[in-house]
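The first chain written gets the first letter, and so on, giving A, B and C; residue counts start at 1 in each chain.
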Amino acid sequence: MSIEVKNIEKQFGQFKALDNVSLSFPTGELVALLGPSGCGKTTLLRIIAGLENPDGGVVHFHGEDATHVHVRQRQVGFVFQHYALFRHMTVFDNVAFGLTVRPRGKRPGKKEIAERVHELLRLVQLDWLADRYPDQLSGGQRQRIALARALAVEPKVLLLDEPFWCTRCQSAQRSAPLVASSSRRAAYHFNFCYSRPGRGDGSCRPDRGVEQRQN
Amino acid sequence: MLALTLGLSVSTVSLAQSEVKLLNVSYDPTRELYTEFNKAFADHWQKTEKQKVTISQSHGGSGKQARSVIDGLAADVVTLALAYDIDALYEEAKLIPENWQSRLPNNSAPYTSTIVLVVRKGNPKNIKDWDDLVKPGVQVITPNPKTSGGARWNYLAAWAFAKKKYGSDEKAREFVAQLYKNVPVLDSGARGSTTTFAQREIGDVFLSWENEAFLIEKEFGAGKFDIVVPSLSILAEPPVTVVDKNVEKNGTRKVAEAYLKFLYSKEGQEIAGKNFYRPRDPEVAAKYAKVFPQVELITIDAEFGGWQKAQKEHFNDGGVFDAIYKPGT
Amino acid sequence: MAGNVSTLGRRTTRINHAVTEPLWVQLSLITVALVFLALFLVVPLVAVFKEAFSKGAEVYFASLVEPDAWHAIKLTLLAAAISVPLNVIFGVSAAWAITKFRFRGKQALITLIDLPFAVSPVVAGLIYVLLFGAQGWLGPWLADNDLKIIFAVPGIVLATIFVTFPFVARELIPLMEEQGTSYEEASLTLGASGWQTFWRVTIPSIKWGLLYGIILCNARAMGEFGAVSVVSGHIRGQTNTLPLHIEILYNEYQFAASFAAASILAGLALVTLVVKSLLEWQHTRDREKAARAAAQQS
């Protein structure tokens, strides 16, 4: 699915986070957003995901205006910077969450959910942690679970907010190729990751880098 | 959480036509009296009118209770400590007519009481009359007349005694001022003073309602206190009235009026006597003559020109009491 | 992360003996604390129960099943049963609004929530008299429509709600502020509805703070005296709550009965404390278990 943002504006109080930003991401491309801290990378991601409303401009998904589509309907997978894993749920329940909240008609059966969750956990190589709670995981493990959770709902777009901020976690680096491989394997048409300059570890080489500047 | 697990309902049972409810808003020391009287009246009403009557009681400081009725406490009848408090129902909210006090016999006071002196067993300070209260070294317990109805009676009784004995208001004022110098603590209400004297054992003499004095003997055990009746005291007339506005609304005028009339009946008078209130009925009074010693009783109306005047002169802010009572002197 | 939930989830700190005070200082501090505890908590508590049973167990139980006492107990529980759930709804909504939305007057709302803590309960009661009393603003209208608020059960419930309403909100605001909105956002991106997000993500993540707030709120609701006293009218068997009933019995020289009723309140307080301690204990245990497992892992 292609994404196009046009003339996006966003202001927080006095601070102008995004000023007339226009970008286009064709289907299937892995793009990294680069730029110094505070230049609006996260804000742009959140607007694409539907977690923020832009003050001006439009977001097009596959040519259709998605600016006012609710975050629930956008089918965007979002991996938060600090992962936001549900602390009161096991790893299994975290990954299963997106499937279990589906409306009754579209909800897969229990067995199907379990299969799907374990498949994803195997994909991130953490199937053995299914019964653990997020508190019991290392940073890199959490990130991979967050990735599995986001993939569980088969999003059309995958957004990763600062996926490699935790460069000291070796495990985080292990997840980098996963992003690439899992995305392609699961036949997502489009992936979208972003990172700070100089932090790319080489194995998750974006197809393209877009640099944002502070204005 | 406990509350949540218990399925509760405090819904009022819907009333059949054959049932009627009354609310009597009264003052503190009448609790025991009305517990007994309400039972007797309910029986009486059942017998004569074939109707069930449930009477609820509310007790508290007389002035505070009057205030609650003014603010909407739906009393069918009030039975308070002094006419001044009932007057307020007319003055503040026109709940009753101005002439309420002339609607029932004896100034609408079906029973009376007076102020007596309660001393410790054997009367160690040899207290016989009001004079003895101003002697140095005697500690007198009485509540604050600014807040307590009973305390005003105490104060006025002492005043009347001194005026009669020494002949003038000036002398009376000196006497009362002297008396309050012997008061170590001023509680805000009558029951508070009772506890101070009887339970905390502070003070040598306690100025008390006669009925309350007998009650203390009953509650704390006979033989711990003696009751001294002074040579002169005051006639306390706790009045009663139907609250017209409320009975009109509740449709309870008939039963409310019968309730108060029953206080004047032989049976009602008997219950008053048993609960240490002096009965008005001469026959019943004669029966209780042994309990209530003869004492010269002055009235507020004759001596002080009525409650309104006495209140204004003595107890309102800037009145005599404020002038003579200086704590710590 | 749970460290801010008032006393919940405290970490046990290991005492460093190198920098600790001399033994005598420790001992005297401990003694002072224990003596205070004994004097101001244990002795009165024992006294309540001793006095309650001073005339034997029969009098004790008789005074509790006596209709007025029983009614007072029921009314107290009813007031708590109404005010606590309302409080939970209000507290969660207020905390939600304050921590998840940006809006004007937020600071004013936080201050207003604290108002019942700052205002004397008696004043709170008088406010209701002023509003709903026969001489009050709404009094005549209420009288015309035959509605009773003060000197009736609704007034008591209202007064109870007023004095308790900060408890849940106060407990939740810092907790939810700290957690931020990312859990809810994650839930939404995974396709959950607002309702599902609330029940499956928000509520579980604030449940300890919520339970703690409910416990405190319940304790206050059952124990409130001042505000309720003003609006009660003290009609026996109708508008007396347990604390008011205790005062009445005491004033009637029925000391044993009065302390029997007091022992019920004290008992409820003890139950509350036990529940609270159990919750804290379980909460710390869960946390420690998690920490241990994590430690083994790395």
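Everything that follows uses one rule, which is that a contact is a pair of C-beta atoms (placed from the backbone, for glycine too) under 8 Å apart; a residue touches a chain by one contact, two chains touch by 3 or more.
Keep in mind that what you see is a predicted model, and the values were worked out from it rather than measured.
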{"item": "Arrangement of touching chains [line / ring / star / complete / other]", "value": "line"}
{"item": "Innermost chain, taking as reference the mean of every protein Cα atom displayed", "value": "C"}
{"item": "Where chain B and chain C are represented by their mean Cα positions, the distance between them in whole Å", "value": "39"}
{"item": "Euclidean distance of C-alpha centroids - chain A vs chain B, Å", "value": "79"}
{"item": "Between chain C and chain A, distance of the C-alpha-averaged centres to the nearest whole Å", "value": "42"}
{"item": "Shared interface positions of chain C, touching two or more other chains", "value": "none"}
{"item": "Numbers and ranges of chain B residues touching at least 2 other chains", "value": "none"}
{"item": "Touch list for chain C against partner chain B, complex", "value": "71, 74-75, 77-78, 80-81, 84-85, 129, 132-136, 139, 143, 148, 150-151, 153, 214-215, 218, 222, 233-238, 248, 251-253, 268, 271, 275"}
{"item": "Chain A partner contacts - residues on chain C that touch it in the complex", "value": "1, 182-183, 185-193, 196, 200-201, 204-205, 207, 287, 290-291, 293-294, 297-298"}
{"item": "Chain C-touching residues of chain B, taken from the complex the two chains share", "value": "1-4, 6, 8-10, 23, 25, 28, 31-32, 56-60, 68, 70-74, 92-93, 191, 215, 219-220, 249"}
{"item": "In the complex with chain C, residue positions of chain A that touch it", "value": "49-51, 71-72, 74-78, 80, 82, 84-89, 97-98, 101-102, 132-133, 135-138, 149-150, 152-153"}
